[in-house]
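Heads up, the next two complexes both have chain A, just with different partners, chain B and then chain C.
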Partner chain A sequence: MSNTVSVFSGFQLNDIWFMAEAAGRTMLISAVSIVVGTMVGIVCGWGMNAGNFIVRSTLGPVLDLFRSVPLLIQLVLFYNFFPIIGWALDPFASGIFVLSLYTAALVTQVARAGIDSVGLPMRRASRSLGMSYWQDMRYVVWPIGLRAVFPAWVGVALSVMKDSALVSVLGYVELLRASQILITRTQEPFLILAVAGAFYFALSYPLSKYSQKLEERWAS
Partner chain B sequence: MIEIKGLHKYFGALHVLKGIDLNVEKGEVLSVIGSSGSGKSTLLYCINALEEIQKGAVIVDGVDVHAKSTDMNKLRQNLGMVFQQWNSFPHLTALENVALAPQIVKKHSKTDALAIAEKQLRHVGLGEKLNVYPSALSGGQQQRLAIARALAMEPEYMLFDEATSALDPELVGEVLETMRMLAEEGMTMICVTHEMGFARDVSDRVAYFHQGVMEEIGPPEQIFGDPKSEHTKKFLANVR
Partner chain C sequence: MDYNFHWRPVFNKLPELLSAGLTTLEVATLSMIIGIFCGLLLAIARMSDNKLIRWPATVWVELARNTPALFQLFFFGFGLGAFSIHLSPYFIVVAGLAFNNAGYLAENFRGGFQAVPDTQIRAARSLGMTSTQTYIRIVIPQVLRIVYHPMTNQMVWAVLMSSLGMMVGFRELSGETQFFASKTYRMFEYFAVAALIYYAIVKVILGGAKLASFRLFRY
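Here is the complex of A and B:
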């Protein structure tokens, strides 16, 4: 069946596959961005907590920029900017690059709050036992800080997953873009958006469920 | 022996310790008293290098604490410290709280570290609370946990910074009892305290600090019975 014939044809079983594949791409682009962004964000959050004046006064404004300029604008700007510096990135790579930076900017705030949540008295206590700076970080600050800000991090991760829909403006066929294509063809926006919503839910539910479990375990 | 020689400490422009000279012998219990802001806590922090100093020296068993070449992490193992806030690690059980540093700092095996921890917790009377999280312990129990945690590093010196000041009055006694027990066992201790009874009964010497100066030091009978400095007299009249 060719596309010309299928214009305005109804929703078919095949379309579910098409959407499932797109959901897979949403998951891929989100997962990579969340992982990379989280790692970069933790390092930056540490820099904002422990860095000297120069580190903090350069990092701060840059991260503010990424947090305050709408993601959509960042995506379009970067996508058009890369070729200028001779870096022809495809929509997928551009999307991951921008989304990771955006995630990093958000995670920086979270990570910094986590480190700050472990006050000076606690850190002096661990240092007074002979722990090195990094032992204190690894065995005291990390576990205490993580528990304090884990819910906030989950919030960031879930919102990045949803915001990844914006990468569709670069032509990357993720879940939202796939839905738009199908809506144009089938003219059944309600059905298709409901299916898309169900996919988004299916992607976020395991993460929020898992985080709930973790938090319950920590609370005991 | 802890030797403090001509110690000066500034926070920016604020001159917090103004030339402290003080020796604490092995086995001695020294109580440090004085009004709030007189630099007592800062003195302790300078002894285990939690704070830098600007002039003078602190020497512990012949080692210059603030020399660049000194391994502070090694030195601090020998100088246990207990703070006003007990600072229990909330994510670890009592046993794990105490076992952590022996395991990661002293590199004991997990089994050995746990055995040391259990021994120290029994020592301070927390043998029934080994597997309890700090949130289920009272302030007094958490402070004894903090003492056990410091003791687990087998320090030769213990520094107490108002260990009972944050406690509800009915919990002060159990912590003072534990400190008294350590003193009787021969531990060398410097205790910043507002508990005049403890200072009088337990310490070998009492030092009175006033605005960054050690105004007076002597046996408790002399400090409490026949204070020389006007400031000491005033202070003691107010706390009684």
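Here is the complex of A and C:
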């Protein structure tokens, strides 16, 4: 029996489970933020496109702010802002709040480009066929615009998935944070980072290839 | 709301924050220059017929585009430690950002290269230029013009991504802000000012790029 106490212990089987759980949390926080952010972003994109001067001149700069300030700063800022106004939000809720707003800021541009991609003649034609404004939106603008910007939306969603790694700064244990915890314990940075990177890659690569293929097919 | 905002400690440290902002700009610019250079090489390598050249370039580009930037920084920071390569925080950030920029720029450049007609290359070659001369004097200037706008966007991304330096212990604008904020516990005030400085940096870059484009693309 040796007298030295080993502080570090090697990579074990249940560490894989620990990382898988963390990967699940990464997926959860990004899925919720992408869904909420996309819905808000579509409404904002419509507002930027069809809204009057007041709507556009308030919405534009605000969304621009979210695109021009690093996500890391936004996260820390809001996380420390909520207690000031008396909300007790945990890292998960604050993370979702900020990531959703960030997604919304990016999706707004995509949605706006989608509506713009449907030409005015087409929309006049649908209106003169007797469609209401909302029917025109639902049956003409939505399907055509979606086709035009779907690949761009996939790009935004994937970048939000990757950026969700930054929520670790608030102490939320997602995949990258979990791997850092494991690195501290096992002192095997290369192996663990490779596993974490492989997970992100496995999620992101097929989707980006798929959207690229869709883009090529729809372009022709 | 019973929170008292204290802005004075932030204003006292404003000179430090602004000079940290310059560090941010320096790191972003340096990583961008390396990124443009590597990105051009990657784009050319990906169009090569030789598998041994094409494959490593493809792996680089796909890794840079499909993993988080923070992961890439951690990799340069801690991952390389496994091979007893220890970089200083400054080089971790520069190397990580350059790796990331190169991957994203390579895809833009590839589109740019494809937009230059083949006939121009043939014309240049038939005028007696070598292949290298053709690339440097005919193709690349046109590619840089086509990708000018994506490149400005990437520069903005580089500034935003450099904030990740905070996570690997580099004292650029975010790291410096974090340092002072944890000294005084004025988290919100410090980070609000940092956000404003970032916003100003981004606006200056976009404005400068617009002005430069008038000068560069007169013809």
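As a working rule, the second predicted complex is superposed on the first by the 194 of 220 C-alpha atoms of A that agree within 3 Å, B and C clash if a C-alpha of one lies under 4 Å from a C-alpha of the other, contacts with A are read in each partner's own complex, and residues count from 1 in each chain.
Rule of thumb we're sticking to: a contact is a pair of C-beta atoms (placed from the backbone, for glycine too) under 8 Å apart; a residue touches a chain by one contact, two chains touch by 3 or more.
As the structure is a prediction and not an experimental result, all values here were calculated from the model.
Undergrad: Taking the superposition on A as described, I'd like to know which of chain B and chain C A:122 touches: first, second, both or neither.
TA: In the superposed model, A:122 contacts chain B only, not chain C.
Undergrad: Per the contact definition in the header, classify A:218: touching chain B only (first), chain C only (second), both, or neither.
TA: So A:218 only meets chain B here.
Undergrad: Counting only touches as set out at the top, which of chain B and chain C does A:139 meet: first, second, both, neither?
TA: first
Undergrad: Just to be sure I read the superposition right, which of the two partners does A:147 touch: chain B = first, chain C = second, or both, or neither?
TA: first
Undergrad: After lining up the shared chain so the two structures overlap, which partner does A:131 touch, if you call chain B first and chain C second: first, second, both or neither?
TA: first
Undergrad: Using the superposition on chain A described above, determine whether A:32 touches chain B (first), chain C (second), both, or neither.
TA: A:32 contacts neither chain B nor chain C.
Undergrad: In the superposed model, which partner reaches more residues of chain A, chain B or chain C?
TA: The partner with more contacted residues on chain A is C.
Undergrad: Overlap the chain B and chain C contact sets on chain A and report the shared residues.
TA: Comparing the two interfaces on chain A, one with chain B and one with chain C, no residues are shared.
Undergrad: Okay, in this complex, where on chain A does chain C touch?
TA: 65, 68-74, 76-77, 80-81, 83-86, 158, 162-163, 165-166, 168-169, 176, 179-180, 183, 188-191, 193-194, 196-197, 200-201, 204-205, 208
Undergrad: Once bound in the complex, which stretches of chain B touch chain A?
TA: 45, 48, 50, 73-74, 76-77, 79-81, 83, 85, 87, 89-91, 100-101, 104-106, 146, 149-150, 153
Undergrad: Give the list of chain A residues in touch with chain B in this complex.
TA: Going by the criterion above, the answer is residues 121-122, 124-132, 135, 139-140, 143-144, 147, 218.
Undergrad: Which residues of chain C touch chain A once you look at their complex with the stated criterion?
TA: Within the complex, chain C contacts chain A at residues 1, 3, 62-63, 65-71, 74-75, 78-79, 81-83, 156, 159-161, 163-164, 166-167, 174, 177-178, 187-188, 191-192, 194-195, 198-199, 202-203.
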